[in-house]
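Below you will find the structure I want to go over with you.
Note that the chains take the letters A, B, C and D in the order they are written out, and that residue 1 is the start of every chain.
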Amino acid sequence: MENIDWIISILQSTIRMSVPLILTALAGLFAERSGVVDIGLEGKLLAAAFAGASGAAVTGNATLGVVAAIVASLLFSGVHGYASISQRGNQIVSGTAINFIAAGATVIIGNAWFNMAGRTPSLPADAKLNPITLPFADALRDVPVIGQIYSQLLSGHFLLTYFAYAMIPISWWILYRTRFGLRLRAVGENPGAVDTAGISVVRMRYMAVLLGGVMAGLAGAFLSMAVSAGFTKGMSAGKGFIALAALVFANWRPKNILFTCLLFGLLDSLSIAMQGKTVPLVGSIPVQLWQALPYILTVVLLAGFIGKATPPRASGNPYVKER
Amino acid sequence: MSEFAIELKGIDKKFGPVHANKNIDIKIRKGTIHGIIGENGAGKSTLMSILYGFYQADKGEILIDGKKIDIKSPSTAIASGIGMVHQHFMLVENFTVLENVMLGAEESEILNKGIVTARQALKRLEDEYEMEVDPDAVIEELPVGIQQRVEILKALYRGAEILILDEPTGVLTPAEADHLFRILGQLKNQGKTILLITHKLREIMAVTDEVSVMRRGEIVATRTTSKTNVEELAELMVGRHVLLHVPKGESHPGDVKLSVRNLTVKDGRGVTMVDNVSFDVRAGEIVGVAGVAGNGQSELLEAIAGMRRAAGGTVTLNGEPVDVTGKASPAKLRKRGLAHVPEDRHHTGLVLKFEESENAILGYHNDPEYTKGWLLDINAIRADAQKKIEQYDIRPPNPRLKTANFSGGNQQKIVLAREMEQDPSVLIIGQPTRGVDVGAIEFIHKRIIQMRDQGKAILLVSVELDEIRSLSDRVLVMFAGRIVGERSPDTPEGELGLLMAGVEDKKEAAE
Amino acid sequence: ADVKPAIIYDLGGKFDKSFNEAAFNGATKFTTDTGIAFREFEIANDAQREQALRKFAGDGNNPIVVAGFSWAAAVEKVAAEYPDTKFAIIDMVVAGKPNVKSIVFKEQEGSYLAGVMAAIAAKSNTVGFVGGMDIPLIHKFACGYFGGVKSVKPDAKVLEAYTGSDPSAWNDPVKGGEIAKSQISQGADVVYHAAGGTGVGVLQAAAEAGKLGIGVDSNQNGLQPGKVLTSMLKRVDVAVYNAFNDVKNDKFVADIQVLGLKEEGVGVAMDDNNKPLVSADMLAAVEKAKADIISGAVTVHDYMSDEKCPY
Amino acid sequence: MSAPFVKLPAWAEYGLVPLVNLVIAFLVAGLVVVFAGENPLRAAYLMVSGAFGSGEGIGYTLFYATNFIFAGLAVAVAFHAGLFNIGVEGQAYIGGIGVAAACLAFDNSLPWYIVFPLAIAGSAITGALWALVPAWLQAYRGSHIVITTIMFNYLANQLMLWLLLNVYKPVGSMALQSRTFAEGGQLPKLDWLLAMFGLNIRAAPFNMSFLLALAVSFLVWVLIWRTRLGYEMRTLGNSAGAARFAGISEKKIIIVSMLISGGLSGMLAINSIMGDQFRIQQDFVAGAGFVGIAVALMGRSHPIGIVLASILFGMLYQGGAEIAFDMPNISRDMIVVIQGLVILFAGALEHMFRPAITALFARARAEATETEAAGA
């Protein structure tokens, strides 16, 4: 019985951990499918987390917090867009710059506003995002297995969690079933074709990058307003890069993103849950090895199963007509 | 209503230092086919791209059907009934035909509806002009010929009244070309206006009503096709007299230099591209391989050159076996006297970002003459490049210039110079004059024949039947990966055309 | 005497929710009490340690306090170059320098008390410990905590986990929360953290799960009022304050101070926030343990003595 | 589209344009300073004088630059072969093992000039090995080098922490660092170098590894533009098709380029471990590996550009510290923001002002020619 709870808790944690990755990876998906590489995800995540927490703390209103998070992320997306689309600058340099600026600015502004040691005030329950229970969850709690799964695994997550998971099929639908998606994929493959078809390459790429900005904003809000109740400096802790890895790992396909992010989430929560456990035959294992587990397994999986990843052909290259 | 579909007045365009179009005036009569010819880099594509709104002219104005229109982007052009088939196709390679045709004309936010109508429209157009394409095929898996149909369908689907084609036949077989021209005629009869850019004067004479000649960014002449002739056009184009058919003497075949037996090649997906092919090439002869693009010629060349592992069969080079199914590498084969002019100079034959001199040693960069131990001998390399530039009259004559900034004709000369000057015993050549102007063609053909007369064994693959017939001593026809017949070069074009189209070969059947 | 106090923080930065922050608070208190401003600097890499020390010493700052065990080498070197400047180093001993005061804490003793309280508060037989990084200093905390727990419930199970291996391990409240949740799912009723900013997440997760957390370094009872059993106080702030003050009153001595319960250098925080959680007998047990330790009847094992934890 | 065109003279292309970009970057950064309630002019003064005003300042600036040069070269070499190596940070961290091994083994027995080459070899080898796995996976399994190198950065952290705890750290010591090396494990400072210009580096950790960095920069230039290997790397980097045609083995080049890139990353470790701290300690790379990406791209993947960009970033680090020392309201984080702004304006937005400048030159030309015409 206790074991069941433990396993369920691992799965719950897997779901929680996967949400910011999914949203961030989707942010990257839209940008890169349109031909704009975005290693500034980490920075946007951080900025959004900060803006969300601050917004919510100041207004005492969770919704406004989320809006603030999105706005902040959009701001950085705008900069990235201007640099890499309008100015045809190097997209990786631009992304790096964004990571630097976000890392520093969040702390400075935080202290200027709250001077609470680089953190934002911890949010009261009604200013943060709270888990919701699905209908009948409590009723079914005691029904063995199905009941447990429903009430403990499926129910009791944040609205954003359900949204993130919903966004996967939605993103697929947008990419493959709408005009916007068709043009977005085209502009990431061959901007020339889009241009000659009478569509503005610049406009498409901006829209994609900004859409990505919204996603990253929500991911940030999830970090500082849902799974924690306030901002701590550098709290994104590399999730932006992991999400990037998940995106590449997923070969730039929405449905694969679901799996890769779940995988990262699972490995991560395993590395936590297993710490201190002794493994039969092997005996006790150094903490560092448990912590290395997710990365090792990822590499192994990559090498073992996933074939060549093929990025969108035009990704990384500014669209230049006249040399 | 004006009698002119298009009027360009004082169009002027600079790309940085390059003055691509100089104050160009031209009038295109409605319901006619108007040809535009000119050397590589003369400014044809640029002019058309301006008309299509892809580039913006620095000066000048455009009148469509008598009305002055400010074409800011392709969308304006499309709206005013202009369609363009670009020289370098503007297709999304991993999209399906249907997706490509729809792109930019999807009707509604959500695709499904658009898909249905596009499918029907496509079907209609296909029947009307007998252009079969599978709407669900993925572009990169289609032969270039078909890809081009897609480009045309794209334009028609958008209801183009004026159709621009930039070097459309560069990638087509005579049969395909004739089919294209029939379609053009059909369109003309429907009152549509057509602008045709080509390097092939024969085509100009065959289909156009009027023809304009461009040189160095200017229109130097416009003629009524019926009142001019190939020689005059060629001369106008190049500014000097050119030989359209390079004379060639008797061939004196020596012993076998390259011998291919039962060669079979599969592509990445495991589809058989070359199917049990056998032939010999002797010293001092040119063996031409004719065939519709995409019938295995490319794979045949790559296999022989060691770029692609063969699935079966043997190849003998200068009497020594080549491990084509194993670890034959282009590097090794070069050392053994095999030179290769690849079909695609942009992606295979050259590194466009390199200096000319760097491309002049591609593949030979480990030869002692260009190296000092681990190092490259830069001075030797540049001196050698300079020499070749002079021999082959490559312009501009600057070995340090980025290769991308040479015109295709000159880019092609860079490749030829590199491969021919290595004094190989066997030379295999793919599409030696694709996208190259008559001036350059004349030169290239001369060099190929010289090589033959120096006793080289030459295997020539080209989709230009003219080229095959005027250069080859023997012609092999390839279809669906097999060699379906051997003919002498003076076999009537029609017969070869049939073979290329896969129509059974009576003679072989009889035997 | 003329005092131009300066403080230099470790790589974690001034706002690390841990000793750097505590040091900053001590300095700030000194300024508010005496009106004497202090100079400060956050190093961004190891090369800046000596640079910062020299810079401040050169500018005539005195005393110069540094927080963190990584400072030893730099202080040793620079102190020799500036014999007239007084230095104080926290969490590490630099012996035999006439102008260096070393201040170290018996974190194990404070943690021991925290352990006692945890064991009593825990209904189940399991408690948890979340460390920022798997390093000796943190084991010092952990080991004392284990001792305290076992002293009450010898058969108790103590879950132990660490956040990560790079500096972000100290600023990852999300992961801190996950670790706490994981330990709670394994039955932990109380979770003690020594993980800097990561701890914020630990305390919150415990609170949300209706369990108890234990704060560290400064009084964190207020972070989740009524849900934080107590905080293991490590009075770096006091140490800094005193170092500044001693120089001001010419009472600075270059000695080695080892601050434990006896010296009130460590302890457990009792305030209105956790009053309801601390039952009478819990309080009694804590006082007893404290007395025993001070009297020497009980000695809490110092992990650093042999890098082992016997409990 | 077509502003009147002239080709900018080299001094404008490589001097003026970057300069303008820098000035703009600092203007924007100035706003940050104002926002912090400090005087931007004074900040600018502190930055520049702090970085270049004294022998010590220059010493520190070049000390940081040394790290960035190695990192930038590492990124650039991989770039030329068409590979994006985000793993420099981890490879440099692992490179520390090689340096530590050499120093801990011989610091008591051998003089520095013998330990130095051993450390170079050791760091290059360990760094290269750490890059080998991602390289192999890319070459033979097609796994995307970007993910694998990211993963290996994390793995480096775990491995090094374990080593520091269980191998390097003397028992009973708290600090995550090895014992301090003896004489033989300490590189001499380059005080004499600056002394030639009448400067005194004081305590700045400016050491031999700077000269190593310069030497290596030159070698990388030779490698890329003058060797057969470099030619093959660039061919593959520009066109896989052409590489196949030329008979260049893609696998071989991927592996070799990454080994070289990793080796260069590894050498980064020498500067801090053997040149400054004289011990290996946790996180000594401190982000230099990531800065290297910006450095390489801003330096156009050319050694000269990389050296210059590295000095720029060295200035930001050293000058930034000086600002933080003397301006209470300017924190470490403020410096990070300023660095970000410089990367943004001098790097990503580098083209912003070129058209204007070009136009200016064009007008100047035009006038010049007119006057000539008039004169004639």
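The rule is short, and it goes like this: contacts are C-beta pairs under 8 Å (C-beta built on N, C-alpha and C of every residue); 3 or more make two chains touch, one makes a residue touch a chain.
Here the structure is a predicted model, which means the values were calculated and not measured.
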**Request:** Provide the labels of all chains in contact with chain B and in contact with chain D.
**Result:** A
**Asked** Highest contact-pair count belongs to which two chains?
**Response** A-D
**Prompt:** Can you give the whole-Å distance between the Cα centres of chain B and chain C?
**Reply:** 75
**Asked** Which integer distance in Å separates the CA centroid of chain C from that of chain D?
**Response** 37
**Complete:** Note: chain D sits from chain A at a C-alpha centroid distance in Å of 30
**Item:** Chain centre separation (chain A, chain B; CA means) in Å
**Value:** 46
**Prompt:** Considering chain B alone, which of its residues make contact with at least two other chains?
**Reply:** 15-16, 55
**Request:** Would you pick out the residues of chain C that each touch at least 2 other chains?
**Result:** 13-14, 134, 164-165
**Fill in**
Multi-partner residues in chain D (2 or more other chains touched) are 1-2, 154, 158, 161, 331, 335
**Interchain contacts, given as pairs of chains that touch** = A-B, A-C, A-D, B-D, C-D
**Asked** Tell me, which parts of chain D touch chain A in their complex?
**Response** 1-2, 32, 36, 84, 133, 137, 141-144, 146-148, 150-152, 154-155, 158-159, 161-162, 166, 290, 293-294, 297-298, 331, 333-341, 343-344, 347-352
**Fill in**
As the complex stands, chain C meets chain A at residues 13-15, 17, 21, 134, 159-162, 164-165, 168, 171-175, 177-179, 181-182, 185-187, 197, 200-201, 204, 223
**Message:** For the complex, give me every residue of chain D touching chain B.
**Reply:** 1-2, 5, 7, 222, 226-229, 231-232, 234-235, 238-239, 241-242, 244-248
**Item:** Residues of chain C defined as touching chain D within the complex
**Value:** 11, 13-14, 39-48, 50-52, 54-55, 69-70, 72-73, 91-92, 133-137, 164-167, 304-305, 307
**Prompt:** Which positions of chain A touch chain D when the two form their complex?
**Reply:** 79, 83-84, 87-94, 96-105, 107-108, 111, 238, 241-242, 244-245, 248-249, 286, 288-289, 291-292, 295-296, 298-299, 302-303, 306-309, 322
